[in-house]
Structures are given as structure tokens and as C-alpha cells.
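Per-chain numbering from 1; labels A, B, C and D assigned in written order.
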Amino acid sequence: MDNDLSLYNVRTDLALEARELAGGPQIPGVWSEAEENEGISVDRMQIQNPLAAQRIGKMIGNYVTLDVPLLRKGDTDLQDRVATTFAREFEAFLQRVGVQPMGSVLVVGLGNWNVTPDALGPLVVENLMVTRHYFELMPGQVAPGYRPVSAVAPGVMGTTGMESSDIVQGIVQQVRPDLVIIIDALASRDLTRVNTSIQIADTGIHPGSGIGNKRKGLTRETLGVPCIAIGVPTVTYASNIVNNTMDMLIAHLQKETPNTQPLFGVFGGMGETQRLQLVKEVLNPLGHDLLVTPKEVDKFMEDMANIIASGLNAALHEAVDSSNVAAYTH
Amino acid sequence: MDNDLSLYNVRTDLALEARELAGGPQIPGVWSEAEENEGISVDRMQIQNPLAAQRIGKMIGNYVTLDVPLLRKGDTDLQDRVATTFAREFEAFLQRVGVQPMGSVLVVGLGNWNVTPDALGPLVVENLMVTRHYFELMPGQVAPGYRPVSAVAPGVMGTTGMESSDIVQGIVQQVRPDLVIIIDALASRDLTRVNTSIQIADTGIHPGSGIGNKRKGLTRETLGVPCIAIGVPTVTYASNIVNNTMDMLIAHLQKETPNTQPLFGVFGGMGETQRLQLVKEVLNPLGHDLLVTPKEVDKFMEDMANIIASGLNAALHEAVDSSNVAAYTH
Amino acid sequence: MDNDLSLYNVRTDLALEARELAGGPQIPGVWSEAEENEGISVDRMQIQNPLAAQRIGKMIGNYVTLDVPLLRKGDTDLQDRVATTFAREFEAFLQRVGVQPMGSVLVVGLGNWNVTPDALGPLVVENLMVTRHYFELMPGQVAPGYRPVSAVAPGVMGTTGMESSDIVQGIVQQVRPDLVIIIDALASRDLTRVNTSIQIADTGIHPGSGIGNKRKGLTRETLGVPCIAIGVPTVTYASNIVNNTMDMLIAHLQKETPNTQPLFGVFGGMGETQRLQLVKEVLNPLGHDLLVTPKEVDKFMEDMANIIASGLNAALHEAVDSSNVAAYTH
Amino acid sequence: MDNDLSLYNVRTDLALEARELAGGPQIPGVWSEAEENEGISVDRMQIQNPLAAQRIGKMIGNYVTLDVPLLRKGDTDLQDRVATTFAREFEAFLQRVGVQPMGSVLVVGLGNWNVTPDALGPLVVENLMVTRHYFELMPGQVAPGYRPVSAVAPGVMGTTGMESSDIVQGIVQQVRPDLVIIIDALASRDLTRVNTSIQIADTGIHPGSGIGNKRKGLTRETLGVPCIAIGVPTVTYASNIVNNTMDMLIAHLQKETPNTQPLFGVFGGMGETQRLQLVKEVLNPLGHDLLVTPKEVDKFMEDMANIIASGLNAALHEAVDSSNVAAYTH
């Protein structure tokens, strides 16, 4: 059971997927609600106690996941609506963690500039409206409706020689923000969620999360201030693609032939976890269980970074109207 | 049958894979030989008559494929050896198409700068040693051992509004090279070949090849001069990953349990083509049969572009020694 | 005199500056008018006969120069107004050269991606709305108000081994546009015009123009179709900075002390050309007469490319409204 | 006098230039020596007491300046020799500040990725060999001859909202290196030094240094560990170009005509400082006293970053031989 949990942890960074793997929304100690509006699904979940946390393999806390299946089509109207929805959900997190309207915020963009599917954090930071220096250099003269926002992309261990968490901890101790927002690219267990979902969580980032080497946690415990994490799945394992597709295939044929035993034999009757392990057993030793990303990754990352930066600008500054958020990024 | 062939065409741009799908190296009208040397496999094939061409779904001509399974490890020694092997095989093509040592060459890098897995051509062009202008501006004064080489990255239809083939044809008519070399990113049907294989062919590029919209051919017929194509698979379809993995899984278990009927049912007994079609039938309508590429695509593309540019520099210029080819690129 | 003219040619690619050097707007055979509107100056000039052309050192034809001294401030409202003014002036050129509303256009972005002050052409091409392929692939189905526009950035001789003009001529012969628009970075003789001026001319590009090696002309004569050139000064020579500043200094002090002889001696009494030659005589042998560009060149180039791309989109397509041109670029 | 000093501070970040402005190498309390070897000049200087420091306008400490007038020619052999010379001079600084062979080092690359002439620091960091994480993750298993090196490019205040010095102080407190090396782009008062000089100083970085907004100091006092600064002039003011050129012109003519009074009047007889102020008085109110950089800035920055990264790799790690330093960067 523990092994399985750790397996899931490796496989998905999304609490929504982990909940489904653990048995769906009926798990005791898990509250959730879902709504859908013109192509944007919002799932809100609370993991309420240690038992539920253990069962799902995610920390106690609040999670919101936006699923927008058509996001990869490049429709700018849809992108604007996603940014607005994201801003509204994010504002609820700001209230939940108790940050005041003028409370200062440090945005941390994890990941590697030079690895396109890992560049979400740096791309968001580049598009963000930073204001803290105006408050420092001209106190009392900043227009109303803005709060002090700073931002940093600390790089990855392979290029800095330091854990991102060490860099962030040092900066937090020096700059003393009231809130830290962490942005990171994630691994999903479902190719269809890659670059179409956004997760917000008030749990921070835990060891093993993210698609790179970010081993120490970035949490309220380690940083001393509230910590909201924003994650977007940008890669999935080849083995997940195989497993999910076989699931779909079996479910698809089951509609016509309820007994799939003759069609898929023992394999068809396996649980999802068992089947995934079998697939991994074949792919892993051959070095074929690669993390993959869609061919159009450059465009998808750029669009997603714009959505998140626009949404954050609107959520963090009252003077930025959620109807025109897109104008505030490049 | 025709349908199946067109299916294969969509699925793989590699003649080696198409040959395997069509029944392996024993097909009449197909000559081939293979060798392996310290991690570098070389497969040389000749499609000799129209019947063989139809059966395989590739043009009559010569094909050489380098397979280097460990190429994605980033070992610079191995990369240098691949560049040297590539240069040697490419020189054989130069002799085969009858280009003289001083014959002029135009290198065409197809693809899109801004789509990382499609940027192979532009990246090679950027690293290539171009010399034609020295011959034009200072005739008779260029050091011996060099030939006139020019290079262009014509862009893709989505950003130019023109077919690449129209741009290349226009340039060829103006500049009149003795040989055109075309470099393009390809789709493989096997994730394990993505960024580990290089194909050289004296057939040029045909409609439907390449991973983007390059619909007209670039061949000796359309350009009026010999045409050598260099291709590297950089993407594969999700459905190929599923299909190949299930093949491996069934073959793997067959070693222990020769009769896989109980294990995999009817599905396990299907031919590869039939199974692939089933997988596609499920994924396609959901828009889930994405082209995917490994997460480390940026680094893999850079390494591969360096190998090909180094190899071409050595093969095209006698003064560039194949032992130190790497020094001539960035 | 001839020598002086060739000197001016090297010094400035702007007809406006050449006219001032040749004696101002009163030169026989030169018609000109100027207007200024909220920070945007527009100078329209016609060089009407060979004598005037020789005296100014520019071809017979029409020239419009926009001067916007505050453009480097990064004010987006001003940028939008410049794009609108540019579109209006460019539309007059379209009528002048007799291109019909549905006439096809090829936009050529000269220059080098990897040399920031020379990247204007490629940057404009990247931001341009290209439509020709829709007309080719779906004739009769394109929405009204658009014309066929294609675009190419041919690169520079140092990286292609070919003259840009050869590449463009080849493409023009293949694609047969009704009009060619050429975009290039220029050298100004005045640092204050660098990245604040835009020149439009119906003369095409002549040998010696542009800041790189583009030696053959791109004109109606060589291409067989009308040819409009758009140029932006992005560099100036160190010697020009010295000369202009000394001019300003002497003029400045002359206001107070009409006789500057005691203050500046013989040097102060020299004509501008003589003084420039003296400065060049000192700087050139030391290799110090560098072409320079402002420190903020990256941002200035991006802004200018957006202005020109927006303006062209509005001028070329009736369906693109000049009030919202900015929305059509990245 | 104080005003003049502050003027010089704005004008040059190079101690060598400040010393010349203050009267040359004979200033009491200043020790210096110079040597020249095949095109590479090395000037070593010690500012020994507060009086000398005040007179020159630079901190007490050791300064080494490499001047390589032909460095912009792109000669790779010369670049390798400069890297080797730089490594040797830098090793002397390591000994001087008392860092042990295994002492840990944090390299800080100041500046802005997106402003080419300000990108020196980030470019060096990208090319540096970082090793600290190997010592952390596999203590005792790192090959001999390496020391723990980490590196960070903290960004600029305009994009982070934080002073670089705050970010660096935070990281230093967390990571506790034995030495901090700071790399920054500088302003020279002489265009001929732009991208041809490298300054090393054991004084750290002081307010007002650097070409951007890095207002707080990065010194042994603020960071608590020794601090070596490496600076390269990449820009100069237009007024400096005018002033230097007039100096050269007057000196040039003085060889033939010792009395330049008739030639240049009062202006020719002015001291350099007075003349510079006059030039600034004319240019400044017009907004024309721009910081400028050579047209080829992209290539110059890349070359310089490679030289410094190669030199640092060789100086910091005994296992990296100064004869093959170039192989360790991209």
C-alpha cells in the first residue's frame, strides 16, 4: 500500500488524479465540489484529515483544479476566460490564507529556462507585473489598488549547484514577504491534461513534486509564511499513455461487449495499478519510459504562462480589472 | 492494402521502419545490409524496383539509417563518433549521386524555428560552414580543400504563406547548385528512435514526409539536380507508443507463457496493424492521438544539429578532417 | 564632389538627411512638405529628376520619413499612433505604385536574426499576418477584406553564402507577387534618429544601402514588380556622434557669442563635411570609428518591429482596422 | 572636487580610467605595474590608503585590468590566450583573499538577460561549471581537483522588484560560501575599451557601479565573506565618445602644430573635465547623451562571457587545465 502510494506520487502531481486513483470523491475526510461553465471545469477539494491525506497521498489542504480540454486550440477568447476564472479562484485562496490587500507577495517561478516543458515558472515571472521596488523607492507615492509584488526565477540545481528551496529560503528571510506563490511545471498521469489543467493549492510544494530536481519542500513550515502553489502538468510518462489508452479501449469495448474477458484476457481484468506496474516492468529496464510532451510545447507553454501571469496580475492588484487582465502581459 | 500503405506513410517517415512493417529485409527487390560498431548501428538499404517501392511505401533509392540507442545520454565522445560515421556514410552518397569535389551544394534546413521539435533544419543551417560567397567575391583565392556551400532555412507555410518547395525551387533556379541537401525533422513510429536515429536518402523529400506542412516534393525531378535528404525522427504519435509497448509486453510474456491467449485474449492475437487501428479508433475522436516528443527535446535537438552540421562540414570539405569535425560548429 | 556624395552615402541611408546635407529643401527638382502632429513629424519628399538625384545622392522617387523623437520612451499610446500614421502613409504608397486591393504582396525582411540592431526585417516578418496560403489552399473561401500576403527573412550573406537579392529574385520568379515590400535596418548620421525614424520609399533598395552586406539592388528593375522599401535607422558611426555634437555645441554658443572664432578657432569655422573628414581621419586608422547603437537596443527593435508589422497589417488588409492594428501582432 | 569625483564615478567604472583622470600612476598611495604580451596588456594596481582612494574615486584594494585592443576581431586563438591570462591573474586574487583550494565559491552574474549589453553576468553563469550539488549529494565521492562552485543570476530590480544585493545576501546567508565572485557589465569612458577590457577587483561592487540599478553594495562588509568583482565595460556615453575623439584630434594635430590655439581656440585649451562638462551641457537637456554599444554587441558579449567562464573554470578547479579551458564551456 505504501509502495503504491509512492508510485502514485511519482506518477501524478495532481491531487485530482490522486483522488481518482484512491477511489474517487467519496473518500471520508475529503470534501469536493465541481462545476463546469462553457468549457472550463472547476474542481474544488479539501483534504481534511491525516487519514484522507495518507490515502490520497497528498497533504492536508485546499486544492482547486481548472480543466479546460480545448485550451490547446489556441483560442484567445477562451484563454481570457480561463485567466479570469483563475483570478477569481486565486482570490479565494488569498482570503483563505489571510493575506491583506496590501500584504506583500513574492512569486517564485521554479524550473529551467532552457528546458521548454520545465520553463513555466520563469515564463510567468517574465510576464508578471512587479511593483515592490516602487514601494521601496517611493513609499507613499504608489497609486492605490496595487500591492508590493516581487518575483524571482531561482533556476535549477543542475545550473546553480544549489537547491531552489535554499535560494528561496534565503530570499524570503531577506525580503520578508507576507505570502509566497510558487509556480512549477508538473507531471500528469494523463496526456489529455498536459497543458490543459491548472492546479492551485495552499499546501506549498513538497519533496517529489515537480518534474525536476526540487527535493526540499517549499511550505509554510520551511518558509514561515503562507505558501500557495500553482502547477500545470506539462509532461507525462510513456507508461501512463499506454495505461490510460488501454483503460479507454477496454471501457469503450465494454459498452458493446460487457464481458471483455475473451477480448482482453487476464490483462483486461487487471486493476489500473497492477496494469501500470506491468507496463512499467517492460518499459523501465529498456530505458523507454520517457517523460514526453506534445510537439507544440513551445506555444502551449507561452499561452499557459500568459494565462497565469494575467490571472495573477488581476488577483493580486485591485487596480487591475479582471475584464482586461490580458493587457498587462506581453 | 493501399489504405494500409497510406496509414504507414502517416505513421513513419523512416524507410527502415516501413520495411519492417512490410515484412522485413527479405522483401524481393530490396537489398540491405547492417553492421554495428560500439553502439552505432548502420543499416544500408536499396529499394530497387517499383513493386518493392509500393510494398514498402517508400520511393526507389538508397537509404542509410544510423541507430544510436544511447545518443540521448549526452556523451560527447559518442556524439563525435556518430558525426564521423555520418560523414563517412554521407560521402558515399556524394559519390553515388556523382557530385564532384568542387561541385557546389545548397543545404536547405526545413522546419520552424519556433517549434522546438521541428527546428532541426534551421539549427543545422546555423551551425554549418558556408563558403559560397568567398568563391563569388574572391574567385581563385579560396584555400584548397573547400567547395562552395550555401544554406537557407526557408521557414514554414504558416509563417511565410508559401510552400517551402516554392521558395527552394526559386533559389535553386537562381543559384544553380550541383546538389541540394535537405534536412528535416521526421515522425517515427517508435519512441525509442526519437532523437536517436538519422536517415540519409538519395530520394529527396516527398509529399507527406516531414512532421509539418511541406506538401510539394523536393526531388531531382522538381529541382533538376540531385537531392539528398537527411531526416531525424523527433516526434511520434501517442498511438504508436501504445501499440509498440503492447507489442513489447506481449512478446515479453510470450517468453514465459507461449500461449498468450488467456493473458491478452483476442487483442493479443491481433496483427500489429489491426491493433494500431483499434487504438487510433479510440484516441482519434477524442483528439488524444497527439504527436509527442521527449521532455528534454531542447538539448536533444541541439546535440543532433551539432552532429549533423559537424558531419556535413567534414563530408563536404576535404580540408575539414573527420577527426576534428566538432571544432567547426558552435 | 563625387567623393563627398559617396561619403554621404556611406554616412546616411536616409534621404531626408542626405537632402539636408545637400543644402536643404530648396534644391531644384526636389518637392517636399512637412507636417507635425502631437509628436509625430511627417516629411514627404519627391526627387524629381536626375540632377536632383545626383545632388542628393538618392534615387529619383518618393520618400516619406516619420520622425518621432519620444518613441524611445516606450509609451504604448504613442506607438499605436505611430502605427496608424505609418499605415496611412503606406496606403498612399500602395496607390502610388498602382497595386490593386487584391494584389498579392511579398514582404522581405532583410537582416540577421543574431545581430540585434540588424534584426528589424526578421522581427517584422515574425509579427506579420501572412495569408497567401489560405488563398492557395482554399481559393474563394477567404473572408473579404484580406489580400494574399507572403513573407520571408532570407538571412544575410555571412550565414547563407548567397546574396539576399539572389534569394529574393528566385522567390519572386516562383511566387510572382504584384508588389515586393523590403524591410531593412539602416545607418543614420544622427544618433537622435536611431530607432525614432521610419523611412518609406518607392525606390527599392540600392547597392550600399542598409547596414550589412546586401550589395545587389532590390528594385523594380531587378525584380520586375514595384518595390517599396521600409527602413529604420538603428546604428550610427561614432564619427557622426562627434560631428553632430560639435555642430550643436558651436550653434549653441553662437547664440551668445556670434563670433565663435576665438572659442573654436579654425575648427569652428569648418563646414560640416570638412570637419567630419577630419574626425574620420583620426578615428579610422585606429579602428575606432565603430557603428554604435543605444544600450536599450533589444527593446527598441521589438517596439519598432511591432509598429511596422501593425501598420503593414492595417495598410495591406482592408479588414484590419487602423484603430485596432496593435491587436494583430504578438 | 567632490563634484568632479562623482562625475568621474558616473563616467567610468574602471579604476584604471579613474586613475588616469586623477593624474596617472604617480599618485601617492597608488602602486601599479604594467606589462604587455602579444597583444594583451595587464595593469596591476593597488590603492593603498584613503587619500588615494578619495583622489581616484575608487575603494582601497587591488585592481587588475586586462586590455586587449584586438579582442573584437573574433580571433579564437587570442580569446584562448586571454582566458589563460585571466585565469592566472584570477588565481592570484584567490590567494590574496585567502580562499583555500577546497573553499566553496558562489558566482553571482548581475544584469538583465533581455538587455544584450547588460547580459554579461547571466551569460557567464550559463557557461560556468557548477559542482556544489555533487559535494552536497555525494559527499566524499567527487573527483579530486574540484571545489564546490555554485552560481546564480539574480535578475535586475525592474523585473524582480528586489535589489540584487538583497537576493544575493539572502542566498549567501543560506548557502555560506567561502568566497563570492560578482560579474557585471560596466560603463567605460572610452569606446575603445568597450568589450576589449576586463577588470578584476577585490573590493566587491559599490553603489553606483555597474550600468543598471544595483544600488546597494556587494562587499565583504555586507556579505561577510571575501568578494571579488569581475567587470567588463560594454557601454559608454555619447558624450565620452565626443570628448575622447576631440582629445585625440587635438593631440594628433599638436604633433604638427604645437600651438593649437588658432586651430581649436579656447575649446582646444580646456582641460578634459571642463570640455566634457561643456559637451554634457549641450547633450543632456536634449536627451541625447545616450549610453551606446557597438553594433556587434551580441557576438562581443558571447565571446567575452566564454572567455570569463573558461578562465574561471580553470582558476577555480585544479583539475581544469589552463591549456584546455575553452573545452569546458559551450
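Keep in mind that, in the parts below, a contact is a pair of C-beta atoms (placed from the backbone, for glycine too) under 8 Å apart; a residue touches a chain by one contact, two chains touch by 3 or more.
Given the structure is predicted, the values throughout are model-derived calculations rather than measurements.
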Other chains in touch with both chain A and chain B: none
Most widely separated chain from chain B, with each centre as the mean of CA atoms: D
Interchain centroid distance [CA atoms averaged], chain B/chain C, Å: 42
Length of the line joining the C-alpha centres of chain B and chain D, rounded to whole Å: 47
Interchain centroid distance [CA atoms averaged], chain C/chain D, Å: 36
Sequence positions of chain A contacting 2 or more other chains: none
Partner chain D, residues of chain A touching it in the complex: 125-126, 130-133, 136, 148-155, 157-163, 166-167, 169-175
In the complex, chain B residues that touch chain A: 69, 114-118, 191-192, 211, 235, 238-239, 241-242, 245-246, 248-249, 252, 260-268, 278-279, 282-283, 286, 288, 290-299
